[in-house]
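Heads up, the next two complexes both have chain A, just with different partners, chain B and then chain C.
What follows is the complex of A and B.
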């Protein structure tokens, strides 16, 4: 009996901080976000229920167009991240020895820990009209006028890809690591071409890792603010920038809340579809 | 294609070239920043005018180096203390959450676990604005009812800490859970049968087993806090963290001092990563 009581005590000691964290910092804020997205200030300065914030979103082309563009670009960058990094993940797990891979993996992780701001700034320094790339190309004599790269969609995509692609490499590598080499050897002995092996063994086997990576990459890209803001031009408006403007420039928090809620719906919707299509659970994505 | 299979030379060369190009792409921005931190020029651009340490140590009006720029040093200090507090809070609550979800059975467990994972897939911007809206709501309520304006509920140092903690705890939980999955629970049962209380068993047996993961998780939480901008930007008050300070400098007044501070970050991270790499390699070999 005494033992049972102490069991309960420990349980409450464990659950109370977790509940405080989740209720106060996750659940209630999102409920508040939801509620205030349906409120507008009336002429007396009182908050009243209204669909006005959402109507404003759908009736202003600039808002919903940015929204659609952000989603489309985020999907594009996710696919690009997969294409660029899959050969690298394969190289590090299957082609070179574990010992050599260790050093390269370390190199892979450094930009991640250095943080997005520094690396985005690095691309700004590289891509500018007087940046390192243009300067070097002109010094060699390949071009005689700087190529306009910074403040375009190109530089924005480079920045988005750079900051998110490592989150694709890590989960893909961990699934590839568990792929038994003898499967590939057997297929090869039976005369399968590289392309067949790739298509029928390697890709299906690493699908869980690809899906986890794609979800994280997509979420990071769609919610990113720095790369579109610093590297993107006037034409590369990102939806997070709209939210930022509502909160910190025009101070229309209710409309900003509506935008935030729409972004949340978009990201959870696409993640949900990805999980359903691949039959994965959310906790697999985290690990 | 894999180590044990023969390949054509062309395939091998193309593949190697691709890998080299990829790693060049990876280190290029870091090298660019670092090199320009030492260029004797007032602009963040080539041509190379010679080597200088001005952007670190100079204290003149034209060139205010990193170690003479008190605003910059102040934001570094703010980021360091924020990071340590956020990492401590995240480590404590994240570890508790890992113990709760791995060891206990209770109603609504899966719902609660799902909630604990959501910060992984909620964009940081959304976490920022949600916490801003609800803290302002509570702040206004407290002010109207009790007549006191508490700083905690306004964009401030402490609100930044709460915002960063809200997702930091999730990452700690995942890292500690991963180690807890390898834990042999008979150890804890043995402690219990030797008349330890449950709490003593956790404190003296389970926590020491988890120590490497807890330390690793603390470092991860610190780094997440130190580099965060998406959530912080909405919650920051009058004392900016380093990324916020750098961001506004990049937008409005860039001088090569930005390269100097970026170089320091790259340097410290690289040294730490290499030390960690060689220590863990030595452990594997022995």
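What follows is the complex of A and C.
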């Protein structure tokens, strides 16, 4: 009897922080946001129920164009992140020794230690008109005018890629680590070329890792604010900037709440479609 | 029939370490050739060189008269069944078996008929759509063999494929593999550390030790006439004696046992198989060396029961196979028993 009681006590002790966290920091704010997204101020200054916030989104071209562009770019960055990091992950797990791999992974982590803001400013130093890249290119005489790289979609994509890449490397590496080398040898023994092995064995095998990495990268990118804001400049409006504007420039919190919900729907929708297309299950990807 | 595989003076070095040293052998077309050795003897290295995953440091491997030097694994007319089986986990049984054929760009009809024929042969019809992760150990084994055999290789290499199975299944698969090989006639090269697997299945066995071949022979000869001390100790069970001195025909072991063995010169070791010893031998056979032992314990193990004995007049221990028939039922511990051995069965090195 006594044992059972103490078990219950520990159980509650452990579950309470989790529940508090979930309810106070996730569920309640979302409910509040959800409710306020359906409210507008009437002429008397009172809050009333209305679909006005959502109607405003669809009737204003700039809003939903930004929305679509954000989604398209986020997908693009995710694909780029995969293309850039897959060879790295493969190299770290299958080509070099475990000891060297550990050191290189540590190097990969360095950008995370200094924080996104610092890396974003780092890219400004590199990409600016008088930055290191333009300066060096002019010094060796390849170009005579600086190339405009900063404050463009290009610089924004670089920034987004740089801060999210690592979150693709880690899950892909963990699936590649479990890939038995003899599978690759068996495929080669059965007459498969290097490219066929890559296409039919390595990629399908690491699909759960790729999809879970893609989900993380996509979420980080679509919800990022710093890189589009600082590196992106005027022409590359990100949907998070719209939300920021509603909350802090025009002080229309209800519109902002509606935008926030739309972004949540968008990213969940795209992930759902991506899971369906790749034939992966969320529980498998999550583990 | 001609030789399908010739291995000529092949050596493999990893830095200072010699994994395979000057190995020579030929395998006949349609044969079942085993390489038997304990782990780390270089047998896997040798197999991987034949498959093309490793390159020989010296020597040459010739398959069907064609040198394999510099030829990558995907171009060699050999296929390998891996120790881990290496089935593709994201594919079902059919896709696994069809993998190699698809790489050859064969028509869909031909792939289908060859896969079906092969699955029939290994008894996996009805399992086409199953994931390989859902199969039992024996079934996975068959998929791996089917996946390689469907390629119609000149030689099938098998790297201890039965190692992961439990004992009962292993006994069963041993017989099945042998029958399969007879039926399809493909040359098998089988590497194993399990002598029973090698003895049961093979036409020829090479015993490998520290990178070198000790003896290549038929299973019967290997057992009956081991050429080196290593083979005598490794293949089958043996009582091993270190010899201290020789006086004419009489050998004396370190433990003080004197036994006559003509026609040998200064041997260092003597091996006697437990099953070569005869309890209550007939007195008048001149070729049989006779002595007495004291039974220490009876080690009962069904058909494999042995007597642990001490040779009278020495402190040498001797294991003797005890046939499980009525004649020897009354033997008791502490009893003195006359024992004989044919002089040819005393193996001295």
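A few comments on the model shown:
One rule holds for everything that comes next: the second predicted complex is superposed on the first by the 272 of 287 C-alpha atoms of A that agree within 3 Å, B and C clash if a C-alpha of one lies under 4 Å from a C-alpha of the other, contacts with A are read in each partner's own complex, and residues count from 1 in each chain.
Assume contacts are C-beta pairs under 8 Å (C-beta built on N, C-alpha and C of every residue); 3 or more make two chains touch, one makes a residue touch a chain.
A quick note: this is a predicted structure, and the numbers were derived from the prediction, not measured.
Overlay on chain A: chain B and chain C fit together in the combined arrangement. Using the contact criterion defined above for the overlaid structures, shared-chain residue A:61 touches neither chain B nor chain C, since it reaches no partner.
Applying the stated contact rule after C-alpha superposition, one finds that A:121 touches chain B and leaves chain C untouched. In the superposition on chain A, A:249 contacts neither chain B nor chain C. By the touch criterion defined above, A:196 reaches chain C but does not reach chain B. Of the two partner chains, chain B is the only one that A:104 touches; chain C does not reach it. When both complexes are overlaid on chain A, the residue A:186 reaches chain C alone and has no touch with chain B. Between the C-alpha centres of chain B and chain C, as viewed from that of chain A after superposition on chain A, lies an angle of 90 degrees, to the nearest 10. Within the superposed three-chain model, A:268 lies in touch with chain B and out of touch with chain C [touch as defined at top]. The larger set of touched chain A residues comes from B, when the choice is between chain B and chain C. Once the two complexes are laid over each other on the shared chain, residue contacts for A:205 go to chain C alone; chain B is not touched.
Judged by the touch definition given at the top, the superposed model places A:26 against chain B, while chain C stays out of reach.
When the two complexes are laid on top of each other via chain A, the two nearest Cα atoms from chain B and chain C are 6 angstrom apart.
Chain A residues 185, 188 lie at the interface with chain B in one structure and with chain C in the other. Taken together, the chain A residues at the contact with chain B in this complex read 6-7, 9-11, 13-15, 17-19, 21-22, 25-33, 36, 84, 87-88, 91, 94-97, 102-104, 106-111, 113-119, 121-126, 128, 130-132, 135-136, 162, 181, 184-185, 188, 194, 197, 215-216, 219-220, 222-226, 230, 240, 243-244, 247-248, 253, 256-257, 260, 263-264, 267-268, 271, 282-283, 285-287. Residues 51-53, 72-75, 78-80, 82-84, 86, 88-90, 99-100, 103-104, 147-148, 151 of chain C touch chain A in their complex. Against chain A, in their complex, chain B makes its touches with residues 1-5, 11, 15, 18-19, 22-23, 25-30, 32-33, 36, 43-47, 92-93, 96-97, 99-100, 104, 106, 112-127, 129-135, 137, 162-163, 165-166, 169-170, 174, 178, 197-199, 202, 223, 226-227, 229-230, 233-234, 243, 246-247, 250-251, 258-259, 262, 265-266, 269-270, 273-274, 277, 281. On chain A, the positions that touch chain C within their shared complex are 180, 182-183, 185-193, 196, 200-201, 204-205, 207.
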